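Below you'll find the structures, each written out as structure tokens.
Below are two complexes that have subunit A in common, paired first with subunit B and then with subunit C.
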Partner chain A sequence: MTALQNVGAGFADPVFSAQSVFRLVLDAMAQSGRIAAVPDAASAPAGLDVASTAVALTLFDYETPLWLDPALRGVEAETYLRFHCGCPLVEDTQTAAFGLVTAPRYMPRLGEFSIGSDQYPDTSATLVIQTGGLADEGPIRLTGPGIKDSASVAIDGLPDWFWPDWDVNHGCFPTGIDLIFTSGNRVMCLPRSIKVEV
Partner chain B sequence: MGVLAKAALTDLEDAFAALNDTPSFDWVRPPETGLVMVQGRAGGTGQPFNVGEATVTRCTLRTDSGETGVGYVQGRSKRHAELAALFDALLQSPKLSARLQTDVVERLAGLHERRRAAASRKVKATQVDFFTMVRGEDPKA
Partner chain C sequence: MTVATNHNGGTESGYNFAYLDEQTKRMIRRCLLKAVAIPGYQVPFGSREMPLAYGWGTGGIQVTASIIGPDDVLKVIDQGADDTTNAVSIRHFFQRTADVATTEETEDATIIQTRHRVPETAMKEGQILVYQVPQPEPLRQLEPRETECRKIHGYAEYGLMHVKLYEDIARFGHIATSYSYPVLVNGRYVMSPTPIPKFDNPKMDSFPALQLFGAGREKRIYAVPPYTTVKSLDFDDHPFSVQKWDQACALCGAEDSFLDEVILDDRGRKMFVCSDSNYCEQRQAAGYSNPAAAADIAAYQLALQGEADA
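Take a look at the complex of A and B:
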């Protein structure tokens, strides 16, 4: 009971808020490199940004095992996600349908998460990575479906091995993981089909 | 919790109206209706099996004084879930707890018991006892 005393509110209007955030993530996934802003609809727990919280409330449920960043385990954010999303938490990255990362520097390598199978590429994991900052202009060049010519972005706080790992992930197409980067109230998606040059 | 969930909505409304000051609160989880699978055991001890699904409405709220109340009620009445959660929260507040325990919980429990007894009496009046001739299929006989 003591844990419940500190749980913040979820979406005030669960159906419509979740629908609008879902649409926003769908658009962001279709147009990689484009940064979208989520409306401030839920009270985010300590350690989670508005965008990460909104994406979590929209996508996570009792059917999606979640790998939670060790920084969030055992604190308010874990209780919040268990209460509002009802998602099972798993230690094993291979069984997780979603990963929620708030300390990207110390996150597991991308290859540790499930990439799905050739028969069922949709069973791969999707990682929500909360970063130090996202910008429209920057050193990272994206090309692929949904992007006219190319897009450039900047993402702060990623480890050195990140983009080489992403090349491997991109090479696994049609299997592979998808990423949702968040920062503050901003969201940018990186599906497995996108090629990244740094 | 059970008493609040099983109480008639009208009785809860009366109890709510009898409160001197109606507390204000924020939703942690607004009322939502869903299904839960009810499980039973044959004879109370057998293997669990699914009896069927029941409609349940639940909500969680936090009063301004900081208590968190949870309401789970059978059926689709969001107001019932809200009042159950509200009383759950108020029962946790030290200054109201003792008074509400007697004025609301015990009274509602009494009403529920009386209603149940009346219903059982009605059913009892039409009870039919079946007698069968022993034909030897009962190994205990």
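Take a look at the complex of A and C:
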């Protein structure tokens, strides 16, 4: 565990940075396939990109149990999140409101996270997945609410089972998990309503 | 009243930017993301007590307060008009608590908070339309129990709603619902479009801007992302249709806008004017008018003057 005096600073301006990052994420969630660039507003701890850190500071707090990638446990990033967000860390993927994944190749299967219930599908988990790279042209074709015709993207470093798992998740609609992909300072969202063809 | 810039940038001292505290904003923001991910589904949220009574747009205000930033340009309308009580007071609220720029021009606004209308001027990508919602549950008149409504939505068992529309046809020969006309969003959830006239329903379909809905008293948030199908419920042999007027706006002559009936006196005189004040003013500024109605109004004013003089 890192000593507190070594924990990096959070948002320089907690109110306006959180607001601007949220608007980018809201637009990205409403228009899946579009990639937004997060301003460099916080000092990211080792292992976390700028965008992942900004999303965490914007959305996580004491009300959101967090499943943290094993690669980040016991190191600076864990102390950083505990200190700045105050979010409880959980081992059990089913009780996590958020998952923060930095090694997607070794992450739990999508179905292990909570998909909510028929009557309360909003209680499902949201995963923040830090990837090797995001591009707004690529082999992954997206269709669904928020996308005018279709969108195409490329996402690096996902495991082989990922898109078949996503088909199952999308097929569960209205239950299902939602994803926020990050890479460097870039963010792209994939809500459960979006159909993916690879 | 002391007006000072507080450390978070708001103009009213003692309050956080845009009134709500940061923890409340985070909670609402998380709900908004889920609402966008499940178009038309009502997300429960911890609605806060606001400095105005329920029914005056507390839900819309909380949504706007959670998304608004210092660079936003806010427009607020009440039944289409920028200059009515609710619109003026909410616009003033955000001027004071968030120091944001405001406008009456639909094109210039980044966020439009609305009570019961969709602007006539087409909105575009990147804009956000925030609806104030009195009753988010489209089934409430048919099924008072929340637990049952949850099940109906959960299993998409919307037969009850179709029975209601059918009963309208059986009694009146047509579907008599003229506002809060239920819609099916993304082919899955039946949603209340809020008490907008059904005239506005077709605009919501494949709308380029993001639509957010906040119900403060009922503690629900829901959303329709851009380019999402929003279909007004109907039957093959009784297709959905919107209101039509045999008159044009008395001020700008518009024949394509939603008209309000304005009673002029107690002898049955009346005129029809655009409910969207900004749209009407833009048309008048561009030189559009309704000469017949103008002559009528002039004659009426002359008559009034005569009575006053007599």
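Please note the rule applied: the second predicted complex is superposed on the first by the 196 of 198 C-alpha atoms of A that agree within 3 Å, B and C clash if a C-alpha of one lies under 4 Å from a C-alpha of the other, contacts with A are read in each partner's own complex, and residues count from 1 in each chain.
Everything below uses one rule, namely that a contact is a pair of C-beta atoms (placed from the backbone, for glycine too) under 8 Å apart; a residue touches a chain by one contact, two chains touch by 3 or more.
Values in this document were obtained by computation on a predicted structure and should not be read as measured data.
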Can A:Ala12 be said to touch subunit B (first), subunit C (second), both, or neither?
first
Identify the partner contact of A:Leu4: answer first if only subunit B is touched, second if only subunit C is, both if each is, neither if none is.
first
Just to be sure I read the superposition right, which of the two partners does A:Val25 touch: subunit B = first, subunit C = second, or both, or neither?
second
Which chain, subunit B or subunit C, is in touch with more residues of subunit A?
C
Would you sort A:Pro145 into first (subunit B), second (subunit C), both or neither based on which partner it touches?
second
When the two structures are overlaid on chain A, which partner does A:Thr64 contact: first (subunit B), second (subunit C), both, or neither?
second
Could you pull out which residues of subunit A sit against subunit B in one structure and against subunit C in the other?
14
Please output the residues of subunit A touching subunit C within their complex, sorted ascending.
14-16, 18-20, 22-23, 25-27, 29-31, 58-59, 61, 63-64, 97, 117-122, 124, 126, 145-148, 173-174, 178, 191-193
Touch list for subunit C against partner subunit A, complex:
8-9, 16-17, 22-23, 25-27, 29-39, 41, 43-44, 66-70, 125-126, 150-151, 153-155, 186, 188-189, 210, 223-228
Residue set of subunit A touching subunit B in the complex reads 1, 4-5, 7-10, 12-14, 83-84
Using the touch rule from the top, collect the residues of subunit B that touch subunit A in their complex.
26-30, 32, 60, 66-68, 70
